[in-house]
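This report concerns only the one structure given below.
We call the chains A, B and C, going by the order they appear; numbering starts again at 1 in every chain.
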Amino acid sequence: MTKYVLRRLLVSIPLLLGITIIIFILADAMPGDALTAMVTDEAPIAGEVLAERRSQLGLDKSLPVRYLIWVGQLLRGNMGYSFITSVPIAETVLRRIPPTLELMGVSLLISIIIGLVLGILSALKQYSVFDYLLTVLGFIGLSIPVFFLGMTLIYIFSLRLDWLPTSGMGTAAADFSLADNLRHLILPALSLAILRTAVFMRYTRASVLDVLGSDYLRTARAKGIKERLVVGRHALRNAMIPIITIIGLNLPVLFGGAVIIETIFQWPGIGLLYITAVNQRDHPMIMGLALVSSIVVLASNLLTDITYAFADPRIRYE
Amino acid sequence: MKPQRTLVVIAILALLATIAAGCVVPAEPQVIEKEVVTTVEVEVEKEVVVTATPEPEPEADNTYHEGWLAGCAADSSLNTTCTHRLDITVNHPLAAITWQGGLQPLLAESWEMEEDGKVWIFNLREGVNWHDGEPFTVDDVVFSYNAYANPKVASRWAGKAGSITGYDEFQAGEADSLAGVTAVDDMTVRVELKEPIPLWPNLEQIFLVVFPEHILGDVPPEELMGHDYWRNRVGTGPFKWASYEPDQFIELVRNEDYFLGAPKLERIIYHMYADAATHVAALESGEIDTTAYETTLISVHDTDRIEASGPIDVVIMEKGSPTFIRVNHDKEWGDPRIRQAMRYAIDVDTLLETVYPGARAAYTMFPHDWAVPGDLNTYEYNPDKARELLAEAGWSGREVDFVYHYGDQLNQDLIVAIQQYLADVGINIAPRKVDPPTIYSLYETGDFDMGYFALGQGIDPATGQPAVQCGNVIATNYCDENVDALFAEGLALSDREERQPIYQEISRILNEDQPSVWLWYDIRPLGFNRRVSGPYEHYSEQGIIYFNLPVYNEIETWEIK
Amino acid sequence: MTKEQQLSLGEVRQVGEPMEATGGQGLWTKAWQRFRRHRLAMIGLIILVIFIFLAIFAPVLSPHSAFKLDLPNRASGPSREHWLGTDGTGRDIFARVMLGGRVSLSVGLVAVAISTTIGVILGGIAGYFGGRSDMAIMRITDVVMTFPPLIIIITLVAVVGPSIYNTMFAIGLLSWTATARLVRGQFLYLRSQEFVTAARCLGVRDSRIIFNHILPNTIGPVVVAATFGVATAILMEAGLSFLGLGVQPPTPSWGNMLRDAQTLTILETMPWMWVPPGLMIVLSVLSINFIGDGLRDALDPRSLL
């Protein structure tokens, strides 16, 4: 196992390099650059000004040279400076991680817990009214586009009922209070959670159902073991594998944020940062975010794979 | 059993830990406690009326909330297109345009014109201090104007200093400062222009904001625009920078020592929004008192509902811009007949009546009544004539790439309608929403076909010139030297009576030629909460939006009712 | 337990039994019979077939065109003239909803077809053969997973233009990783089961083992994943419309019609503009998922004998 983990870690390095090269090329392929992002009709920037600024930002150099400069900077621990604000990338990204984790983490937690519980219950009571009801509700939750859900929640809870604020992470310019922060968290987290709960519920249900029909369970029942133990000890454990996969698949999202929800609710997370960077062609920011998210994805995939091996000792890695 | 269980428990704990980390370690807003050296109260000419408030208001209520666009962040004045409110609340130009279209002396108390407008002497206001206590002097003005013109700073507004002597040499690298701006003494600055422009203070000076030399003076020019100063400004205005939380808000507090009198408002908070619907929802829920004017947020169809939703008044402002279809004159539409055909093909009157009530049809570029003669061709809806003209011009019927960047519902509807109308006469456009960086790159590569744009010219028709100027990239290869000459003439005069025939002549040429297909003059509703007195009154009087520059509207007199 | 529950739990099963049907009815006929018994799945199938029918015959079914403007009657509610009312430029909503079905359904189905195919193939190879191929494929999966979908789609859209085909392609090419990892997980698990060991001992060819033994056991989660995929693809198209990257006007899609509701005025006072497309999305996703459920039950190899 240790050898496997070490090999994975070693492979990650060239992998990361490859990923960053591809993203660098793609970011460059987008039409326009940070300079054209700034041009408006009322302020058409003179060609000389554009040229000067481009050379200041290093945009006049060729693609491979720029990439090597970026890697060189990175190896010295510097992620560069935003083309737009000149603020160090690392500083900006780090500031956005806590709000992202808060939003994604809370919504993920809600959806995992509720999804698992409802999924298991649904599987155990297959074909009952309860099962049907949950199925339908789950799918409805799954079918609503998230931007629509967000807007509707704002409409209901902020405008009509006036219970919750429309947006932001906390009351502006007020001292931080957990209660205030949570009040602002409810709507965006709920929007995200509603969608994911249904996903977890369905996967859990399907997985548990698959397992419930197994031989060894029949054997266990035949042996006279109580149903509770049959389900709890034997069935659920084996049903966990696809569920672990799904949780594992969702881990990167913790750091990636949700662009649409963050836009609507003005939640200062990574998602909002990302789309702003893309719209403004802020290459250092795009690369910085891509790097961070790549590391997170690779790490969480590794974690999931290791968990597989622990959960089922028959799974071997050569 | 145990290892798996433990692992699951560990995983859940890890998850909880990360979330806890997110909650417990909030990003601290950059609150900078400023040491304000309290100076002795300076006698102010203007009477500071101390109004006894009727009942004791809690301090927190005396805060005014404005909406702000998330993409604007805390930009540098040298570079911004949407942070100009900070250039009137925190920083100042020498004199700013007022909401009534006049000129308010701010950092300059008065000025004299010499040589018919070739030389300007500005007498700076005495006794003004920066928010950190340092005195405001002529060095700040010279430094700021030089910064605008410095090619290494690469400011987008450099062109506003373009009429000053020495600008070209500075830009070309032959000089290392702006020769035309000199300090006469500690409180007087002399600006010499290349040519007499009697309206220079009203048309170009108003864009040039002053920032502190004692803070930024030693910063290398390449780093000036990105300097931390812009995220924590020190200015001379009625409000001081208090805190800034990226993508959340900017907070300003009252400057007691403001030279026009201490403001009545205690605080101003600019709330940032990336999503238009959320921005408007915030107005309706009372979280903000005023919506941003830099972009379309409230559609003309929303105004009734918004006014009914709370103590909100809506003012429908003229946007001061025509919306038009810009075409690439290097392609088929270099032929004016095709452009005229396009205008005939679109039933602007019906469109405005149904989809865009309140907007007026445009037949030429200028939104100002005085610049537009009454005898223009109104291009009555006539698809047959359009087809005729197209046939004459030999239009091939190819599919046309049509770009636009406005995302709001109103413009989407208008574009859909335009597409139908043009398709009816044989011009098949494929509308494509692109982001701004893409559009400019289309100009650069020459791939641009046509697109849907608007150009704000509220201040004066002279500001519309770039769109039809020979050699200017946004004129997309249109060139008429006659028009350029007329514009130059108009700029050299100051009297509206004298300028009027010139601009009317330009109007006629543009109306006939349709270098861009002028469609309509936009209107933009703004929302105001009645709990604040000041914004609604001033914006109503202003009537037309001035883009890209600070507008003086007596914000020091605004108050919460 | 009811008879149904007993059957689904696999009352009758023998170890090592080859999975092809033994005499009499074929595998698929049996599956179809089981499927038919699943009430929700049948409802789902009927609804989907109706939607597909509507989508295909959209232009014929409504007296109005989905593109013709009727400015004087813009934004009016349902009437005899316009069954579901009109939108901001007077276009008939009913016609647009049906035409929008073409776009949304095809984006969903095609994108998922692409992603499921790639995912099953790659995940299967990785899970079954293990070792180097597993390593290689999983690292490729990692790489694709790390690509921020937004950048890829924006770049693609910017370079080749926003068209429905590019959208399908982009979504498909980005979504196969989940299926691949799922399939790999299942293959890893099943590979170590007794019946596979037995089959190998008997000398059964690898491909036979995969197709006849392992694959049927994988179908459950894969089908569930695929049905989610269709739903996700349809919703992704809607999300892209929100960001302005999806199907461009004037072509209707349920996603970009729903985007109209982003103004509070329309949300509150003109429900006919957004309820129909919203409802269509919900019903499509619902029925596709029910079908998925039914397929999983029907193809459960343990109950085919």
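Just so it is clear, a residue touches a chain if its C-beta (ideal position, glycine included) is under 8 Å from a C-beta of that chain, and two chains touch if they have at least 3 such contacts.
Computed from a predicted model, the values in this text were never measured in an experiment.
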Comparing each chain's Cα average against the average over all protein Cα atoms, the nearest is chain A
Of B-C and A-B, the pair joined by more C-beta contact pairs is A-B
Whole-Å distance, C-alpha centre of subunit A to that of subunit C, is 22
In whole angstrom, the CA-centroid distance of subunit B from subunit C equals 46
Cα centre of subunit A to Cα centre of subunit B, whole Å, reads 36
Listed in rising order, subunit A residues that touch 2 or more other chains are 30-31, 151, 155, 159
Where subunit B touches two or more other chains simultaneously, the residues are 277, 281, 284, 434, 438
Flagged in subunit C as touching 2+ other chains are 158, 262, 264, 268
Within the complex, subunit A is touched by subunit B residues 1, 3-4, 7-8, 11, 15-16, 18-19, 21-23, 25-29, 65, 70-71, 73, 79, 81, 151-152, 154-159, 171, 222-223, 225-227, 231, 242-243, 245-249, 251, 267, 269, 271-275, 277-278, 281-282, 284-285, 287, 309, 434-442, 444, 453-456, 463, 466-467, 472-474, 547-548
Per the touch rule, the subunit A residues reaching subunit C in their complex are 7, 11, 15, 18-19, 22-23, 26-27, 29-31, 126-127, 132, 135-136, 139-140, 142-148, 151-152, 155, 159, 199, 202-203, 206-207, 209-210, 212-215, 218, 241-242, 245, 248-249, 252, 256, 259-260, 274-275, 278, 286, 289-290, 293-294, 297-298, 301, 304-305, 308, 312, 314-318
Subunit A residues touching subunit B in their complex are 30-34, 36-49, 52-53, 56, 81-82, 84-87, 92, 95-103, 105-106, 108-109, 151, 154-155, 158-159, 162, 165-170, 172-173, 176, 178, 181, 233, 237, 240, 247, 254, 262-266, 268, 272-273, 276, 279-281, 307, 310-311
Within their complex, subunit C touches subunit B through residues 67-69, 71-72, 74-75, 88-90, 158, 161-162, 244-245, 248-250, 260, 262-266, 268-269
The answer for subunit B against subunit C in the complex is residues 276-277, 280-281, 284, 299, 301-302, 305, 350-351, 353-355, 407, 409-410, 412-413, 415-417, 419-420, 430-434, 438
